[in-house]
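So that we are looking at the same thing, I have put the structure below in structure tokens.
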């Protein structure tokens, strides 16, 4: 096979990634865009009234739902993940590291439907006991999602933290700083861009999560009033209705898919620009 | 203020490899002591025992006695943090923090208390002046320390250590990685600082040791890497008529 | 006082790390204890029976392997080809940046959007219907970034000296790649493939809308089939036959963790 | 080597195919595709298992998706038989579907066993589900917040409940929505203030079915059409059907299937229509 043809073949393989992204955009946009024409921007984004059978497609409850669920998951999951990352790179000696790091990696490997199932059989009754209500709601979703994004944030933050040159730690200790002061005042500030990067990627994962949220959040198309009340996110709304929706209802679901795509695109560009500028 | 280190039959081990054997020496305050000897003869290892920086390296063991002002520094009750404040250290490779010049110097004082802005400004100015760096950086205190030259960075590290007003400053070959003019500045600096605290410097450069130090300690390691203190005395005696012929052959440059 | 803070914070970080592992063991432990009684040869090889799909889950196991096999057979050559282009042929500049941006974006697309895309393109537009083919192809697109990234890292990890030695013997670029670079990188490439397989096997949102949910033993590429993940989702939300759900969850985790273990074993052997 | 990597992959694919041949020989054969209501799904799946074993040449494939999806699949031909647990809407009647009732189902309103309320009027149930009544003490029960559990929009059960109970008021938005009757039952059985509605076939002792307008949901009250919340389960076909589809429909309506499978969940169709 002549080298030129080969080079073309490999270029074609490399371009499939770009082609796939373009195809995804085209198909989701073509199927989703019409809703903006018929229903108009305001009625879609700023109306709380989601009632497809009566032709109302107010997506605000899902947008707000996605935001609240993701925020809660980050508030619970990020500190735990960063704490684990700091522990692994700054404090743990080898024996513990060989035990903790694989478990965090295994957590990342568990399919999301297992997290959803685990949520239903253990966390829902727990949340019902603690917060009342049916157990399906924000509290359970926060916990499940926090556990799911923990490995992502922990792994990437740990890379950033262990990339901090040891010379800075020596300098700080030599000035009589305690280990925690060294971590707090030198190590973390230096690794901050990497940590922020990890949190943003964790956020992307949380926003994109479908199955676990669908199984534990209770799927109510309304803004939750309390921690125990059910809610719904863009992803769970799509997954719940997709199997049977038709006509304008289906277009609305594709439109929500378009929003999700746009949000994850924005997150990716933020990460690339941020890490690009800092020259990770 | 005459802080003295007393070291009695000190042995030091990396795991089961003995690096230092039976070191006995007494280092008085407000003097400059130079550690010289061929590379790999344990000078830096001994220096790092004095402020227990060796503790950071796993599986190291110290036997024998090191006292600072008469108090043993290797007990469990020793306040490691306080020890390192009193015994500051300058590293071979300048290692300012990735922060502004001001924050670098202010780092130490902020650790050990919460000084006010005005107090900090005072400390920063005096220590930078003591480190002979003030004139060069006084109008760009907020710029990144990493933007300074190698020599300036080393002097910044000195200022940073001075800011926690140590009693002893250990210098691990401070001038080996910087340009000659900056080295000259640091040597003048050491002479001035001598009144305020004692300095212990590890150096390869014998002219520097002869010029700068009051006392000199000559170390040598046997072929297994185990180092001993061969001879210790004031500098001119060591450099004019050393007692031990090994010191003499090292001084006259026959080997090492 | 500062000493106190230091000890307190160390303890805090210690608990953070331990709680991360605790979570893993609670999940695995809980599903194992509840599920182990359920898993028997009859469960693995039997067919779902009765009103609430109790009984065995054999067709779902086959469907899962089938869809994953289709996906990996499609994505592996493309992924490795792309990695070869990026690491060996790419001359930098706009195209490479475009490809990297494409791969990064693909990696960040939420799985539900892959489901929509698979439904719109493969199921409806190409009229492949709910089938192993639609499910497999959509999983392939999802797994592409993982295979590309790990394969590229593997190829770049091959020392320059290998290439120079091969060129010095008069080998062409392609011969060098085929005989020197890829063999050296093969174990790590295989690790990436196995990781991708584990990821594809554990996917639900994608296959739910592309492979169909009818309990059926897929034979032809056009046959629909409910995968283990969809089966677990339906059993869990139906909330009727929980024992079967536990059994399915345990089997699913066992298979996925086996893939991860295999990948790790291969990776450590190489490093 | 590239060969080794792809070789291991092909063995992987072949392994999957071997797994298949190992199983019961399952020829492609004549496929009968059913899709639609998740309420009708279980009895059709159970019936199809027997049908497939007794008719080796044919293979019945069942897919859920809810009544609307079933109706659409029946019209577009994506499925030979559409399954629906609700009557056709006026607009859907014009699509040329022939309606074959296969069973009768009653929808029971269920509450937690600890709930002291025994009976409710249809209007009270409407006010509860539209969010006008939010505490059980307004219905003579304990002072406990009402936790609404609703079905997803795909469900025919929800459609029938909406038509007969909600009439034109809409469902409260804060209800927990679950895609399966099993889950609705398990939530109500474990949530003191819970209320839900499921097909009578799913009611077990861990929940309490309440009387509607004074009528208990029993076989007698349904047969006598006194219970207010009933619906027929339909097979929907379009135009002429091939032999295998007709034979499966007859199989479904046969006394054997109606007695052994249908009556386990619902009521045999002839209970209401009186036809044999």
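As written, the chains take the letters A, B, C and D, and residue 1 is the first residue of each chain.
One rule holds for everything that comes next: a contact is a pair of C-beta atoms (placed from the backbone, for glycine too) under 8 Å apart; a residue touches a chain by one contact, two chains touch by 3 or more.
No experiment lies behind these values; they were computed from the predicted model shown.
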Given chain A and chain D, the chains that contact each of them: C
Chains contacting each of chain C and chain D, listed by label: A
Per Cα centroids, the chain farthest from chain B: D
Central subunit by CA centre of mass proxy: A
Most heavily contacting chain pair (counted by C-beta pairs in contact): A-C
Whole-Å separation of chain centres (CA-atom averages), chain A against chain B: 50
Inter-chain centre distance, chain B versus chain C - centres from mean C-alpha coordinates, in Å: 55
Between chain A and chain C, centroid-to-centroid distance (C-alpha), Å: 18
Rounded Å distance between chain B and chain D, as computed from the means of their C-alpha atoms: 82
Sequence positions of chain A contacting 2 or more other chains: 178, 181, 243
Sequence positions of chain D contacting 2 or more other chains: 64-65, 178-179
Where chain B touches two or more other chains, by residue: 81, 111
Chain A contact footprint on chain D (complex, rising order): 64-69, 72, 145, 147, 149, 152-154, 170, 173-179, 187, 190-191, 194
Contact set on chain A toward chain D in their complex: 48, 50-54, 61, 125, 128, 132-137, 218-222, 225, 229-230, 232, 240-241, 243-244, 246
Chain A - residues contacting chain C, complex: 1, 3, 6-7, 9-18, 20-21, 23-24, 27-28, 30-31, 79-81, 83-84, 86-88, 90-92, 96, 99-100, 102-107, 109-118, 120-122, 147, 150-151, 154, 178-181, 183-184, 204, 207-211, 215, 235, 238-239, 242-243, 253-254, 257, 260-261, 264-265, 267-268, 272
Chain B to chain A touching residues, read off their complex: 51, 53, 56, 58, 81-85, 88-89, 91, 93, 95-99, 107-108, 110-112, 157, 160-161, 164
Residue ranges of chain A touching chain B (in the complex, touch as defined): 93, 167-168, 170-178, 181, 185-186, 189-190
